[in-house]
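The letters A, B and C name the chains in turn, as written, and every chain counts its residues from 1.
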Amino acid sequence: MTLSITSVSAAPPGAPRRIRMPAGREFLLLVTLGLLVAGISAGSRGAFWTSVNLNNLFVSSAITAIPAIGMTVVILTGGIDVSTGSMLGLVAAIGGTCFAAGWSLAATIPVFLATGAALGLVNALLIIQGRIPPVIATLGTLSIYRMLVFVVLGSNWLTQIPPALTTIFVMDHLWFLPVVAVIALALLIVAALFLRHFRWGRHVYALGNNEEAARLAGIRPNRIKLTAYVGLGLLTGFAALLTLGESPMVQTSTGSGFVLQVIAAVVLGGTELSGGRGGMLGTLLGTLIVEVVNDGIVLLHIQPFWSGVALGGVILVAIGASSRRHVMENQA
Amino acid sequence: MTASGFDATRPILLLIMLVLALGGFAVGHPGILSPDNLNSMAVFGVEIGMIALGQTLVICGGDSGIDLSVGAIAALSQVVLGLLIHAGLPWLPAVLLTLSAGLVLGLVNAVAINWFRIPPIIATLATLFGYDGLALVATGGVNIDLTHASPRFLAIGQGYALHIPFQLLCLYLPLLLLFVYAQHFSRYGRALYLAGSNELAARLAGLRVARLRGAAYVATGLVSALAGIVGAARLGTARPDAASHANLISIAIVVLGGTGIFGGTGSVIGTALATAVIAVIDYGLSYNDFNPIYQAGMIGSILIVLMLAENLVGYRRSRTR
Amino acid sequence: MPHVELSGIAKNFGGVHALKGVDLSLDLGRTHALLGENGAGKSTLIRILTGAITPDSGSITIGGVQHRFRHPEDAQEAGIAAVYQEPAIYPHLSVLENIFAGREITTRFGLIRKEAMAASVRPWLDRLELSPDLLEKRMSQLSLGYQQLILIAKALTQEARILIFDEPTSILSASETDRLFAIINRLRADGRGIVYITHRLDEIPRIADQVTVLTDGRVTGSAPMGDLDEASLLALMAGRSSRDYAEPLRHRERAAGPPVLEVEGLGRAGYYQGVNWSMPRGIVTGVYGLVGSGRSEVALAVFGAMPAHSGTIRLEGETIAPRSPAEAIRLGIGYLPEDRKLQGIFAAKPLEANLTVNALRSFGRWFGLDFGGLHAEARRLMQHYAIKARNPATAIGTLSGGNQQKALFARWAGRELRVLILDEPTRGIDIGTKAEIHHFIRDLAAQGMAVVVISSDLPEILAVSDRVIVMRGGGVVAEASGDAMNAEAILAAAIGAGQGARAA
């Protein structure tokens, strides 16, 4: 974002170099989260810590976090996918139709995952083979997927969702966490491990840092991008399933507005849109902040409509403060 | 006389598409080309068309310029207008105040992006949340009924001038002319183009890049507010959830109209033609008893097919060279 | 027999002959210094040698086998690696990851074997006297000097036999430079071939075995170091004797007018400090200095593009502090930036828009633009400065480099200015156009403007300037005019060699 005026001698000898604490951002997020939780528990007279509320919080966090994992990888490669919400709606509509046709839970889960992966593949092909900029390509599929939701659903609502879905993922607990939250955590950890310790993950970062250098070093950018978008599709498919567990109903608006929530979580978590920087711990914290803000608004009996204002404000302040700092440092 | 940066290829392509679309529908449903129907098509296109004009400037200014908050600005402005009218303000001052509100909302985007250096997609995502939220907060999520507002106000969205919808003849077309002038014939447009195509060179040639880009966001806030006002007058109601897909549709229209998303190219003329194409196809589909939601899907498909076609042709060319 | 033999290498870029048949041989166990100014074709030669671009003609023979590099990987296979002055790095990745990007050592399942990678690079780190603790650091935390050493380690792990250093010391401190030289000498002793590209004459005796000078895409001199003493080296480099500008202009010295632009004690941490400039009207002042001497940065401060931290700038006696180029231009200061593509042209836009971008204000009619006037102005500039293009609507990017440069020059020369600073006004263009631009520069001064020419091309400085300011390491080290303006003395001052530096 910042301009380098001197192209030849950009960094002179002895210029002070910026050194940042690697964990600085995560620490800041943790403090923010702590303050939010403290404020909300004080304001709600302890209602925050009831098991019902924590359960809701963990379930909704998990449903945001799972696609956010995929979104983090996509953004790390230097791309973006804005179709996630529509994709979630379409997968839910197709899966819900299977349920309505009497398919069992076990038979339908693969449908959710496969549909998600296939839709992710469409995005990937448009971006890689079609060479359409990611924003534009997924903007297009966003509206197409949403249209297909209508094709699948007509003007019906689907409500024949097997109750087992809710029981298994939302009601049942492992230790003190709902199953879906445990799954989300597990996925986050696996994703973090893959990003940190596997060749694929390091190539994701290399690509986002310097695509040209990566290509010259023999890394194949297209393969990495393919896995990123298909992975996001797969996770979105899974999130669609979980959404039906949280509230057993599919309607034409299912998933609208969802992508903004996901991108907000990832970006708040410190993953930079320019790629190559950020990670899963940040995404976890970003997701929790987004969801705690939403939860707090309910608990504090604030009009629910304030949630958007609060979220927008948090993003502007958080990103604005850090971007502005960059500008200052470059001028100083 | 040479205008700044005008390339006629895409507009001609769009004109052909427009004629084909009109012709196609005319063959299927001869009644569709009646004045009434044409007027309805126009009304369809006017509001999103206004927003797309502003969006064109934003994208043209470069630095991954994009405004996702346009629909939210339209909705919030509509709400402001509704509240002002309900508070007993005469319609004209209410409209003017609403327009200045739009200006301020656009200014917030401009400052966040050009002063605080937040990437445009993030900044306007945040203000999208914020403005939408404020609209809901201000109304409690309930629509504000404006059917009893002054008939003069309602005429903005329902009236006719010379048998042509008022908002088309008296608002959109003058606005279009103004934007064409600003983009292709003014100092501002020339400077914005150059800033969009090479920011560093522009700065070192003495252009004030941040101001140029900021002005585009402010202008977009203004036209989005105007679109919100027209919508409120057309439906006789102010809805906090109005124009919720305006960001996606307006961006699609801009790209369809030939403006490159990397800045420094394109024209509001292309944007206007793309708006017309979209309005016709949209109306034709509704006329054929399609569900109105197909509008967005249709636009998305056209967008992708067009981009694919261009890229594939371009790729072929660059490989054979 | 030389290990690597280049013969008849030629390369054109859109009609510009960057290389016109270059022969070069590289031996193992020797350091070959390659000299030449910007635009002489050094970087093109290096890109060919590393497989980043393919030559139009000529052959590359390595160890007796003819090679044709289609991809950087091919050159890597053949044992050639380059370390650039601006390292191409992954800023947010660790040092270890930077070294192994794309060549990670993993288990069968793709799990990174960090220990194995660290183990395989450690001997090389020892060789370079680098601490193994560095491997865990984020690349962007390191200074450029360290980044460079890391890239050397990377090249060594790739088992490179020929290592190319592209002006490696331009960004290094003195102690970093000493360490680098020690390393280079050790690598040479190991039996690797070294190509060392530089501007700095003082470095050559310290490390070179063979010296080759490249001028305008040709080899214009080559000799073993043993045959050269300081005087003959200076002559070889300063003369670059094939260069023949139209006429020696030095004798046309004009009476300097009162100073228009004065800079006093200007400083910016890390770039320059205590800089004093005084630029009189009516003459051309040359500013000579190597890359990194602070010359462009001082100009950018005067132009409001990169503010100074201390000191004052005065324009015709009045203190000014422009905070943006727009402000500086309004005060009557112009600046032609050094990088044509990045900082100068709007490639896809018409010539007319490129020529008039900084004059839009004077062609404004209220909110609108006087297109007729713009067009006429463009035509006038095209004619006056002999810019060859079909018409003003031609996209500037389609013109030759020389015509692009003339257009950028005309952009500023056509304005009413009090001071015009030209930064590398003729970089990378053909010699005929250079002479034309030099002529225009003289004309501007004759009309009473204070003209400043910043250049790392010494013959150019001598050809256009009435007086010269020499900068080194962020400060002014010498001033000369008249007979004191001799090539050897200026060069010596700029590189800090010898004691005859203070020619003024």
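Following the convention adopted for this analysis, contacts are C-beta pairs under 8 Å (C-beta built on N, C-alpha and C of every residue); 3 or more make two chains touch, one makes a residue touch a chain.
Keep in mind that this is a model prediction, so the values were computed, not measured.
Between the chain pairs A-C and B-C, more C-beta pairs are in contact across A-C.
Seen from the C-alpha centroid of chain B, the farthest chain centroid is that of C. Work out the mean CA point of chain A and of chain B, and you get 29 Å between them.
Look at where the CA atoms of chain B average out and do the same for chain C: the two points lie 46 Å apart.
In chain B, the residues that reach two or more other chains under the touch definition are 200, 203-204.
The multi-chain contact residues of chain A, meaning those touching 2 or more other chains, are 5. Touching two or more other chains at once are residues 305, 342-343 of chain C. Put simply, chain C touches chain A in their complex at residues 52, 72-73, 86, 88-93, 97, 101-104, 106, 109-112, 114, 138, 140-145, 170-173, 176, 269-271, 291-292, 294, 296-297, 300, 305-307, 338-339, 342-343, 474. Residue ranges on chain B touching chain C, taken from their complex, read 1-5, 181-182, 185-188, 190-191, 193-194, 197-198, 200-208, 264-265. By the touch criterion given at the top, residues 63, 66, 112, 116-119, 121-123, 125-134, 136-137, 140-141, 199-200, 203-204, 240, 245, 248-249, 251-252, 255, 261-262, 291, 293-294, 296-301, 303-304, 307-308, 311-312, 315 of chain B touch chain A in their complex. Residues 5-19, 22, 197-200, 202-203, 205-206, 209-210, 212-214, 216-219, 276-277, 331 of chain A touch chain C in their complex. Residue ranges of chain A in contact with chain B, taken from their complex: 1-3, 5, 80, 126, 130-133, 135-137, 139-144, 146-148, 150, 155, 252, 260, 263-264, 267, 273-274, 303, 305-313, 315-316, 319-320, 323-324, 326-327.
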